[in-house]
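Structure first, then comments.
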Amino acid sequence: MKQTPRISFYEASARQRVAGLLDPGSFREILPPTEKRTSPHLGLFDAPVSFDDGVVIGEGTLEGKPVAIFAQEGKFRGGSLGEVHAAKITGLILRAAARKPQAVLGLLDSGGVRLEEANAGEIGSTEIMRAIFEARRVGVPVIGLLGGSCGCFGGASIIAGCCDALVASEEARLSVSGPEVIETVMGVEAFDSRDRALVWRTTGGKNRFLFGKVATLVDDHIPAFRTAASALVRPSTPLRLDSLRTERDALVRRIATFGTCTDAKQIWEKMGLPADRVSDMTAAELTAAKPA
Amino acid sequence: MEHLSFEFDGGVHAPKSGKAYAVAGVVASSNLEVLAQPQELGGRVRFEVDTTAAHFQDAWRAVITDFIERRQPRDVLFSINDFAAIPPVVSLRLDQAWEGLE
Amino acid sequence: MELSALLDQLFPEGHRVAVDDALVSGEATLGGQTVAVLGTTNHSFIGIREAVALSGKFLDLVEKRPGIPVIMLVDNNGQRMALDEELLVLPEYIAHLLRAQQLARASGSRLVAVVYGNSIAGGFIAFGMLADRVVSVPGAETSVMKLEAIARVTKMPLEKLQDLAKQVSVFAPGCDHFFRMGGLHEIWTDNFSARLQATLASDDTHDTRAALGLERGGRKAARAVIDDVLGA
Amino acid sequence: MSSPDKVARRTEKLARVAKAFGPGKVIPAARTVEFLELILSPGDRLVHEGDNQKQGDFLAEKLAQMDPKKVHGLKLALSCIGLPEHLDLFENGIAEVVDFAYAGPQGGRLAELVGNGTVKIGAVHTYVELIARYFAELRPDVACLVAVDADAEGNLYTGSNTEETPALAEAAAFGGGIVVVQANTLTDNLRRIDIPGEWVDFVIESPKPFHLEPLFTKDPALIDETRILMAMMTMKAIYQKYLPKVLNHGVGFNTAAIELLLPTYGEELGLKGKACTHWALNPHPTMIPAIESGFVEAIACIGGEVGMEDYVASKPDIFPLGHDGSLRSNRFYGQMAGHYADMFVGATLQIDPFGNSSTVTADRLAGFGGAPNFGAENRSRRHLSEAYLRAGAEAHQGEFMPQGRKLVVQMVETFQSANTPTFVERLEAWEAMKTAGFAIPPVMIYGDDVSHVVTEEGVANLLLCRTIEEREQAVRGVAGFTPVGLKRDRTMVANLRDRGIIQRAEDLGIRKSDVSRDRLAARSIHDLVRWSGGLYNPPSRFRNW
């Protein structure tokens, strides 16, 4: 079956993703690599640094709409949140809260906090979360894009949770504790992280989409991410008691309905989906099959 | 970590894209990042290398000499963060960064 | 320190706090004013059920006692690590809890987190780190990851990490390190009640932690980077 | 022991078995050891079936449990020393000598046991050579074979991975030997008969299906830019120039990269229909995009591949299928198809400055598999093709007798890892020669059979070299920053480049910035599944969805 070539988001570098998402030539990088704002800490560990500390930030336009954007480089130290890395993202979002572009796009590709800078990274992660709430308070939405090779774990996963909306591919993984961490701490019988199909069933983009946390499921194709992100650009809705009550009710109901499930297939079956086929469905097929 | 600096006579080609910088590669195991910046160096080329693999000065010199001979660049600063890449990968990234400025 | 001792020292004018499972909630009198008390105890883990239990309390406060100060008592061993928790999208539950805290803040409540037990990784993010002010009392222990685990992942000898931890605060567990990084606004050793009242009296709810990290020398880059991005 | 009374001994063994087990060909699995001790005499030549894919694991386990007091001094002959039990036979004092082609994962332990005298090596063969010798001086006394299904008459269905079974069964059945088969299932309804029951003496239903290794499944996600660069240079400098129609690819990622570039870069180069139409190859999953894009007319299969069954069954014009619809492979015929092909492209672990290559290193007696037959200049070839004539014109220019030439391409990265160069002044095969007591070093492909060496530094065309010095400098000229490469004569290399004997990426018009994974027709196993229309069913360890 002849396949049309895709421009893979999963494989692209952070710079390639930014270039592919924004309108050509519109991106202006802030603190570009020539500024050499590298980690002041990695040297202590004899670890190499990167000129952008693993995150590209800046401004540009998305289908003509002015946006701020940050993109984590999953291949540099697992896209980890170090001091400079986190501060660049915090600065960008606060800048957006002040200048009010139509959205902030967050390309999350991160194993979480950088261990060598654990305290700085964890505090920095929560500074990002506070900044997101600040941007949303003034109406600037933060849209997360997930589908990088590193996944989205730890502090980064909670940052994703704080976004207005997420776009993800089936290749995306989103969870607080990574499968390897759960296996290391709780034992292989709790989570066999080498069972790749199990890892993706549990943490992958499809499962997150079926629960609604991911608003749009796309194929691993940068233009598909671009279209989906653009369609989600709308002013952030203010936090309200009734909407949070509704949100909480849904989460409580999820526990009541699926709280005893130990495998995604059980969940999909309860949702009335063909559980054995979900993994092989395309984004469009699953979107059509998703229960209302 | 080891820091290495090299400066050589350049060739006949100055960067012509007008871009302020080009980056090739990512700092990941067996890989490296090369940042190329046009800079007035009186026709010379400079290389600032930070590498996790110590004692490979001769190999770096050989790869860089070869690159200059091959591409003939001038007035460019190459800044490199290396995570133990093998010579052919270094060579490939130098070419890609240079092509980004051409 | 023990929860009951903490409550007595924080609220000598009296408190009416119940412990249900690991969830702590109730109210107390401080400087003649009523404050809400909410927290966890017994080094509990924060999972999906704990998240909705805590968020429910925040939403109730917003509904019934808008603007009431909330004293968050922090003692957890991190996020609950389990396949079935992640299966139901734990990040979404934690983010929901953070949104509930944000709603409380937006409704005029001051949020002060008092770390009195453990506060680890995702558990601390979920409950504590996003308060307006975060303080510790004796017996508190903050950490992202234990040194042994860092040694395993970074393949650095543990002894070298222990040595490094004496020179820098950027990675090692401990309240002193967290304080130097700006992650704790204050470390309290005595006079909790008076200090809590003083903290509540200030009405600055901005995130000042990057500036504190700079001032204390633990995190010298972050504030400058944020400012440079804002000014670019 | 190939004595004149071989047939008499066979008759006597069969009588012993009949006495202990009664008439009939079916032996209960629980009594396998006892049975084997009856049919094997001290000093017998035992052929055990197994290769780099399928493993006769049940019979191997039982053979190793035999009592060395009853059975000893065996001469083992097998394609692949693939199981620990094969070497246990020697440590337990049951076997003495081994003839083989390939050792794979057991290569390290084999070198150790040869070093301390526990294992004596008859010879390290090529597959075809070993099979040929089964019909000459290595006639088996007992052959232990593998099948998917068997019936009580001994008829066998061998499934997609038929491979060597017909040759081994024939050598034993018509050479006075005894044929024993482990089958996954005993059934009355065979879907097809691959081996007639007449050739088979005994069948045993194994408790577990035999192990089948997905050896030819190469995850496209692991193909890096260096490999793509090498693939592009190979396609432009060799495929486009000679237009080979019939070819064989090795098992590695380098050739997998070419397979995945055929529908993209190959199409740009105009190869479709003009080259790469017929193949001697296992059903590589990485061939799916090329097949779907109309590049391929037929593939002669040496073996099968796990997960490819349904896809292969959907392509009756391309793959050899039985009337039952499943693949029929044959290693001997597949090897011959590759031997008579226009081109072989493969990789190796070490190359010396004269182009000799080997995968045997000082501490690993890995053996060679199919490469020496596929990758040998074929002086027995007479049929002509465009590629054969073009290569011949270059190689034999100016000679009295015009000849064709097979293309034998070695495609390697200059380094295997940071401190392991591929190019070495002296192959470790010389050390292995001493360890194993060989008379000459175990070389996989001889330098004078090689037509081209491709590395990330460029393509060296050895056909155009006129002296041994030129050949040496051509190899050094593409050896990059290895010690072999650094010792090149820069003037001579520049001269070779002027003459087109060495071509670098820029000489071929390939920009390094154009070297990208985006060029691959499939970048993941999932992409291959999509190309196959859902018919390819990869093992779960290859899934990330």
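Order of writing sets the labels: A, B, C and D. Residues in every chain begin at 1.
In this text, contacts are C-beta pairs under 8 Å (C-beta built on N, C-alpha and C of every residue); 3 or more make two chains touch, one makes a residue touch a chain.
Remember, it's a predicted structure, so these values are computed and weren't measured experimentally.
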item	value
Chain occupying the middle, per Cα centroid	A
Rounded Å distance between chain C and chain D, as computed from the means of their C-alpha atoms	61
Computed distance of Cα centres, chain D from chain A, in Å	44
Chain B and chain C, separation of their C-alpha mean positions in angstrom	46
Whole-Å gap between the CA centroids of chain A and chain B	33
In chain B, residues with contacts to at least two other chains	none
In chain D, residues with contacts to at least two other chains	none
Chain contact graph, described as a line, ring, star, complete graph or other shape	other
Interchain contacts, given as pairs of chains that touch	A-B, A-C, A-D, B-D
Residues of chain D defined as touching chain B within the complex	225-226, 229, 413-415, 417-418, 455-457, 480-481, 486, 504, 506, 511-513, 515
Footprint of chain B on chain A - complex, ascending	13, 15, 32-34, 36, 43, 46-51, 73, 75-77
Complex contacts: residues of chain B adjacent to chain D	30, 53, 59, 62-63, 66, 70, 84, 86-89, 91-92, 95-96, 99-100
Partner chain A, residues of chain C touching it in the complex	48-49, 51-52, 55-56, 59, 62-63, 79, 81-84, 86-96, 98-100, 102-103, 106, 121-122, 124-126, 129-130, 143-145, 149-150, 153-154, 156, 164, 168-172, 177-178, 181-183, 207, 209-210, 213, 218-223, 225-230, 232
Complex contact set, residues of chain B against chain A	1, 20-21, 23, 26-28, 31, 33, 35, 37, 50-52, 79, 81-83
